[in-house]
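Structure, as structure tokens:
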């Protein structure tokens, strides 16, 4: 299996442990990922306007590069990138008139992108495609009664047309977690927004969200929480420190990238993961559960 | 000044409604005010008016109240409202439309240089760019 | 050649002011085929009609053309008139020179010319019109009613009381349907079973009703007045002729299963009657759950039965019957909570649908009428009702209003309050639709007397938190988001047509609408007929409706059936399309375009055969026929071609 | 001015009733269209239409119920299919396909009936007299 890979900016900067762990597990599962030779920022937030086509060009440029790579699937690890790229494909596919206008703008590219040539894929769907049995076979470490809260956030589930699973009641993360030998913790806030980019200008919104989401996972007995978005990660990990400062009774919860947990369960060298980057140190719980 | 607002044919056919429609492409008249968007919105407690009230005010032509309110800037574009709407009203796009109406005359909402240096280094890039995309034209 | 008489009406000045009537008479006087032509001020008046009759006799006319107003107005009048002097009514034709000529043109010359064209064309048709007799079809005066809920019961009783035989087919082992599951009924709060069971008994005892329960329609053929139905009698494994319904077998059966009648809240045995007042009150063995069928051991019921009624080797049997009419009253299911991801997908035990709550309220239910929640049997102190769940949601579920939820939810809250006076009921609603006799008053009573708190808005999400269900909703009237930590949540799920409706509709060749309900022939004027003659609809199979509406519709349906059965013969319009066997090659092109299955290819004979009774006379087959073998009576190819030419000749 | 001769087939249930409504509403429209009332537009055989052209019709108008409203469930769909094919055949026969028009006109559309007749008459007037040469 071979596919293109689009890292996006954050995975090359603040979320290195996400990238290294993800690439390590994929290699372990015999999947070859080839980073696009030349890529641009995806634009982060898909523009929701009808009349401003300039904003759509950033993701389309990347999709052109993916098309030129001659590989059908394009892996986007960061869910923000996944959402933006996948919505760009929908946009290009469904509005011929606007597609033509975008093509006119993009006079420096030789390749024209029409929407069907590239499939953007997230790592959860990819693991499903690789096969849950294969995943199960790759797991070597037995986690001792590890209760995992899977947090989806927004970008994998909304809007409906790009959702990888039911927006109301998704199961894909839990399914993988079960196959990896851990116990699932259902918590009602697993699909709710963390506050997103409002961390920049309205941090109190994010604090409120983090308190609810983390609190709900803790209440339902989670030992740790896993996720796939570097922004959710920041909002739910780093922000816990701010909450702790305000509220001594707050019970923190270690947060990991989904792929970090899988890498540990596969017995891959823990030193490829820099646990010092975590605001809430996951090492005590990982040790307790036999993963370190 | 009276707190009551007059509804008039003139107001409900305001071209500002058309302008918003042109930017967002959303037909707000499908809304029957079930409030599911507001019930589900993760930031609703910071909003006034709340999402369903935003849609109602657009139907009534009170666009000025919306462009001067904080609601569109509180919205985190999580799209929960849109997927919840039983009538297919894309509320997230309406919020974007309102932001754009403001930005297209003011260029910027808030001040980017206000972000402190330490924070800027710590924050993930997508947080910063996401924020810029929503607050600068 | 036939002698055709033409009568040009002035209609006072309505025609004569723009059409020069005497000019028309003069110009057409020598038109080939017109044997006689005359004008008159008002042809439809008594003197006008007498003039027509006299002329037919004196001029020995074979056919007449009345040039007057639209045929929708007086075609029948004139056809009746000519019949009194012995002319076949199909030899009387109308040329519409008023609505489609004099009233829409101003120029007298132009209108006169057009009137002549119209008359000439109709004369050409009349020249070739055949005398026709209505097709007589005998009617089997016996009906089959599919579904033994309140709709089917009401329809069957009414048809039987008109002295016609009825076969009532029900798939469960007892009749009663959904209504038997209900607690008390709005707006009067009388007990559902108390008003239903006497009717069930009436059905069982009625000499004109043959009751077939645990049975379903397997096949149907034929047409209005003459259907052949094949009914599958599912194996009951109990010989009901021997069984007295003593209930010993049920008592001793060791196998317990969740009771469908109690919506899974209570238990029944593997040999069971669905509920205590079942009609017929005789058990069947559920072979999927019976220990003997599963393991080959047990047979306790067989050993204990004093009447040797248990028969483990019984098989399905088929009953064939001829009937004249079919009533479809197959009822509804509630949309499963499983489909509501945001409400826990059915995984939260204390989130139940409305029908389940009916069982919790029912004095014959699993809790004896005490409101106790499923998870731990506690009496809920705060209870949330949510309306429009799955209904009015075109984006995710169904666009339509389920109609009964407003009232039953109000009733639920009210009954809850009566059972648990210190409890607090909340109802999340979007609109209250309380149209109906006594309904609005009932709703007001729930608000002001029972202090049910109505919150206007949707609930975005439910989740379990400790032993509570957290309800996240909104009250749009105050603009506040609300969170309620409820003990029990009741969802007013959308009403769906009952399972199997698509297959049944296919079998009966009747259509279903975009929401899955059966389609009535006309939404206003023919609400109880299907589009196929002889097949009628009643109850929720057609659309969601409450008990009063269902009973009214079922009564109307029975009246339609009695109407059909009142005559020995059906009279069918004879302008049907036949087959000229000499010309037909059996290609079957006409068969494919017939919407009524009136045409069938006979492979042995190599030609197409027509069932004249099924033909509705659209003529699509005649246009499809490449050889001219299919000719519509009085609309033949030759007639139409000659009409075209008559219009074009000057 | 050229006065075209136009033959029309109207279904009994919708278009003919629509024409009656135009009459009771006293609308005015061009007199060139003369209608033949059939039970359903699907009764119209392509042969009738070609026969009309052969006999000097400058235009043929067929009126049926709106899709989904056919009194005979699917008749108007049959008509639609046939008219499409017929138009191709007309092109092959060197008859301008615009000389045949199929319109859905309901019993409530008196105004639409009048408009269709006027528009079609104007269109045929512009196309001029039919030049039909048998193959």
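A, B, C and D label the chains in the order they appear, each numbered from 1.
Please note the rule applied: a contact is a pair of C-beta atoms (placed from the backbone, for glycine too) under 8 Å apart; a residue touches a chain by one contact, two chains touch by 3 or more.
This is a predicted model, so every value here is computed, not measured.
Student: Count the C-beta contact pairs for B-C and for C-D, then tell me which is higher.
Tutor: Answer to which pair has more contacts is C-D.
Student: Please compute the C-alpha centroid of chain B, do the same for chain C, then give the distance between them in whole Å.
Tutor: Computed from C-alpha means, the inter-chain centre distance equals 47 Å.
Student: If you average the Cα atoms of chain C and of chain D to get two centres, how far apart are those centres in Å?
Tutor: 35
Student: Compute the distance, rounded to whole Å, between the mean C-alpha positions of chain A and chain B.
Tutor: 26
Student: Measuring from the mean C-alpha position of chain A to the mean C-alpha position of chain C, what distance in angstrom results?
Tutor: 52
Student: Considering chain A alone, which of its residues make contact with at least two other chains?
Tutor: 167
Student: Name the residues of chain C that each touch 2 or more other chains.
Tutor: 342, 461
Student: On the basis of the stated criterion, which chains touch which? Give every pair.
Tutor: By the stated definition, chains touch in these pairs: A-B, A-C, B-C, C-D.
Student: Note which residues of chain C are touching chain A in the complex, please.
Tutor: So the residues of chain C in touch with chain A come to 340-342, 345, 461, 463-465, 470.
Student: Using the touch rule from the top, collect the residues of chain B that touch chain A in their complex.
Tutor: So the residues of chain B in touch with chain A come to 22-25, 42-43, 45-46, 73-74, 76-80, 82-83, 90, 92-93, 95-97, 100, 110, 115, 119, 122-131, 133-135.
Student: Okay, in this complex, where on chain D does chain C touch?
Tutor: Spelled out, the residues of chain D in touch with chain C are 5, 7, 17, 19-20, 22-24, 26-29, 31, 34-40, 42-48, 51-52, 55-57, 71-75, 78, 82, 114.
Student: Which residues of chain B touch chain C in their complex?
Tutor: 32-36, 38-40, 44-45, 49-50, 52-53, 84-88
Student: Hey, which residues of chain C end up touching chain B in the complex?
Tutor: 342, 388, 392-397, 430, 456-461, 472-476, 479, 481
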